[in-house]
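The structures considered in this document are given below.
Next come two complexes built around chain A: one with chain B, the other with chain C.
Up next is the complex of A and B:
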């Protein structure tokens, strides 16, 4: 940093800094008004009765209800399921894209990104058309004689999971693909020349070097899916009830603002916990890498 | 990357057929809707036995759908008009301040994109209810603007890094005030990025559904809210027509942005 000796110049620099700071005030103000204030309001509302008096009754009610805990389990099942399938489908896809010629890879990436740019409602509708009892997939399955009865694919956990994987896969793919594309091809050549099989090269060179990307992708999947609302609401058909759906139902069916707020805070705490776990894991990974290079 | 393994044909074929399946999985729900939207039947038939434009006629002939479309377009335009200038100012501020201050501002501005939509929606609903503003266009607008600001910043921040600040220095030393420097130098030079940011902010608002579902109502219901409600109740082929139009519009918009950025 340069030391400004002249007091007049220093005052000038300070004034300029204040001016630049003020440029971001309008944006900060509106974020405070429409994002931070609402979160604070949820916290406040969670301690109020319908009459507006202070209470901890909402917490007692929500935390002692079995529905809350089953919603928590459903939320985690959906998130973990989505994550597992994204890793299984996305990692090989990223590997193929990273090994393709750049022109081909860019074209395929554009197709992968198409769903990302399509409205979630359009996609959910598409899945309903495909997965319903009288939908296209069941028509194809029963028509070809593969199954005698139509499979229950929509309006349940399976349908919700399919919709969520479809939403998250492009977002998971992006960091993994970026990490794999950055791997130095000479490393693979070196491992081939030293006798590693393709499987060994993937397991011992490519996957460890793309671990960072897989990690970021996983974190993204978790943070997004934990509050998913549209997909379970439509493809779950009332039978899949994660926290987000319980919040909506508590609010619109029972008009119970206090309990809905407690559920909201539960969701926020869950997100913070998972976020901290990921950060701790990242720190651990970084330390292990240092140890490995030291050894 | 795998050219060191040229004779592993089987592995390559397996990998690429797996990829083809995953790609089909990704594209299928968007594509399947298109032929259905031209079906003449009330039922889900694939492929349709007869084709017609009746679902498009239903959409454009319905007062409710048209009101929702109008609301969504107005909302998208307003969102872009508010979010892009605010985002530009914030990006200039972050670019010039640098260091911890910039990171803090960025962190605050990114909060809305990390917090689950359902929480923003119910929180905003509570705040607006206290001010008796639930169901107004204003309520949805502020919700959409906070979601669009991070999107605008993602486009504008890198553009400002490439910007040559000596030009502003020169203009300032010749007596231009900041408003003049921003309007006369920064805005014209960043116009392509600003156009992209505007389009992305518009699309963010057009696509947003959760805040709309909770906060918009009656006359101010948005297109996604109405689509959500009719998806929950029955499978209405009108949605296929809307979906097809939507996909075409978004693909064209994205093509414009990417082609512009390349040229």
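Up next is the complex of A and C:
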């Protein structure tokens, strides 16, 4: 069927579309000013000597330094470690929340969200109080005789990981919980009626149907943790040095804007690569599976 | 044909706070029977079905499958096929994977599971759609997949919870016959829940009419329709007029009935000759008339003001178009169609 369009009506439609698009202009302006310009400035800095001349020396220096690569490894270890623990702790928690009665679920959700309303600095120092050699946890452990010596929980990788998991868990939980809550309860019932044990129902129905949520949560955890600074700075005790700490040190100790910019770009590239990997994997998944939300 | 089992429901009670969903319901279902639980929403029919499936835990009472007590048996051990109202198909699996699912759970060898799933799909007329995604199916096709998935593992009992309520009228009628035929082929004990009285009459061996958590009457479709045991059943099953014995006049002057009389709207004739000597007559003022295609519906006000519905088949209603409201009309019904509801008053 062909429709002969009235040019006046078509113009109205165009005007309407243009108006709604124009609503995004203030945000675009801010993003341009606050994100794009600084990034361009950093890229320029990375090619300049301290004297202001053009050079690729910053790249040679940073990329040939063992410190850079060990920082990269630490960054990935922290991110992957946090992600793994978030998946292991968060997925069962989300399932528990999604299957709880609404009242109980809301209460539990409030507990989960509470930390999000507290400043990250306060929370990190809070962990320090708990995890220090003479902190509450070690006092309880040695006091009860469970361990002879206090455990090294703070000022190291373990402490940093604990702090990061604590920060990321609610953010991981939200999309997973949302996905699981949207699963039709009759699917689980149907599954049981056909003979599925709870384990089989979780593995064959619940997890595949919440894969999208687990995916979003994982991407969030990864992208966030790649650039984490406060937690490793406070709980790492100088022994945990991801890229973010290296950038800060390069600036504060050596005032080397060129090298710091190169490290910043490295971080940015890492984030972009991981983001693209996640998106590609999601597209692959969507092709093999009908999206649960379609039905 | 698979071996099907009888079910015994023995004084099953379920309450939610002060709300009584099932009020000591007892019911025997024979092996291979097609039994329908019919009732308005909130009557307890779905709660009873879900208790049989194991998803609702009764407060008291017993459920027996054959002579085995399944009251406390986990749902996944009951070996009952269920068709849900919204089909509950797995959206992340294609048609074949949905139907294979119960067989995969039972560790059936891959090739055998596939063959049985394909055979079952053919049985519900879905050949060629095995690789389709669920999202790409029509409502009727989804219904058939749900049926296939419920019978592929040869359960001893099948439960169906308003399976046709989401389909349009024509498709619903086709599926009614197909489900019944499938039941007759498999001989599987089936409990079917619906709020549609026509559907219950068409499909069932027996119908259990439920209201307020109780079974009002359990009987064959004809007896439920013609010989309702309560006023609720009489009115739920169709256009029923319930009048006091004094409101009708016996044509031949035989004995008066006790209790309230039920006369279905379509039992009336306007021509006394069509009823014969053994019948009743009822006179009233015509309040309204409506042409409904296959019949005319007349509303008569009898003495005392009660309104009576009279339904005259269009083929026999030559005079109906000329009737004017306010006119006196006499309607006749054969005595065989006048049913005294036991122990009730009009």
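Going forward, the second predicted complex is superposed on the first by the 261 of 295 C-alpha atoms of A that agree within 3 Å, B and C clash if a C-alpha of one lies under 4 Å from a C-alpha of the other, contacts with A are read in each partner's own complex, and residues count from 1 in each chain.
We take it that a contact is a pair of C-beta atoms (placed from the backbone, for glycine too) under 8 Å apart; a residue touches a chain by one contact, two chains touch by 3 or more.
This one's a predicted model, so the numbers in the text were calculated from it and none came from an experiment.
Undergrad: Given the touch rule stated above, what does A:21 touch, chain B (first), chain C (second), both, or neither?
TA: first
Undergrad: Taking the superposition as given, does A:281 touch the first partner, chain B, the second, chain C, both, or neither?
TA: Once the two structures are laid over each other on A, A:281 reaches no partner at all.
Undergrad: Kindly classify A:244 by the partners it touches after superposition: chain B alone (first), chain C alone (second), both, or neither?
TA: first
Undergrad: If we overlay the two complexes on their shared chain A, which of chain B and chain C does A:114 touch? Say first, second, both or neither.
TA: In the superposition, A:114 contacts chain B only.
Undergrad: For A:192, select first, second, both or neither according to whether it touches chain B, chain C, the two together, or no partner.
TA: Touch status of A:192: both partners.
Undergrad: Determine, under the contact definition given at the top, whether A:37 touches first (chain B), second (chain C), both, or neither.
TA: After superposing on A, A:37 lies in contact with chain B but is clear of chain C.
Undergrad: Touch test for A:73: chain B only (first), chain C only (second), both, or neither?
TA: The answer is neither, since A:73 touches no partner chain.
Undergrad: Once chain A of both complexes is superposed, is A:126 in touch with chain B (first), chain C (second), both, or neither?
TA: It touches chain B, and chain C stays clear.
Undergrad: Look at the residues of chain A and decide whether chain B or chain C touches more of them.
TA: The partner with more contacted residues on chain A is B.
Undergrad: Both chain B and chain C contact which residues of chain A?
TA: 189, 191-193
Undergrad: Considering only the defined contacts, which chain C positions touch chain A in the complex?
TA: Residues 53-55, 74-82, 84-86, 88-92, 94, 101-102, 105-106, 133-135, 149, 153.
Undergrad: For chain B, which residues are in contact with chain A within the complex?
TA: Listed in rising order, the residues are 1-5, 8, 11, 15-16, 18-19, 22-23, 25-33, 36, 44, 46, 82, 86-87, 89-90, 92-94, 96-97, 101, 105, 108-109, 111-112, 114-120, 122-127, 130, 142-143, 145-146, 149, 178, 203, 206-207, 209-210, 214, 224, 227-228, 231-232, 235, 239-240, 242-243, 246-247, 250-251, 254.
Undergrad: Mind pulling up the chain A residues that touch chain C in the complex?
TA: Within the complex, chain A touches chain C at residues 184, 186-187, 189-197, 200, 204-205, 208-209, 289-292, 294-295.
Undergrad: If you look only at chain A, which of its residues touch chain B in the complex?
TA: 17, 19-24, 26-28, 30-39, 41-42, 45, 89, 92-93, 95-99, 108, 111-115, 117-130, 132, 134-136, 139, 166, 169-170, 180-181, 183, 185, 188-189, 191-193, 198, 201, 206, 223, 226-230, 233-234, 244, 247-248, 251, 257, 260-261, 264, 267-268, 271
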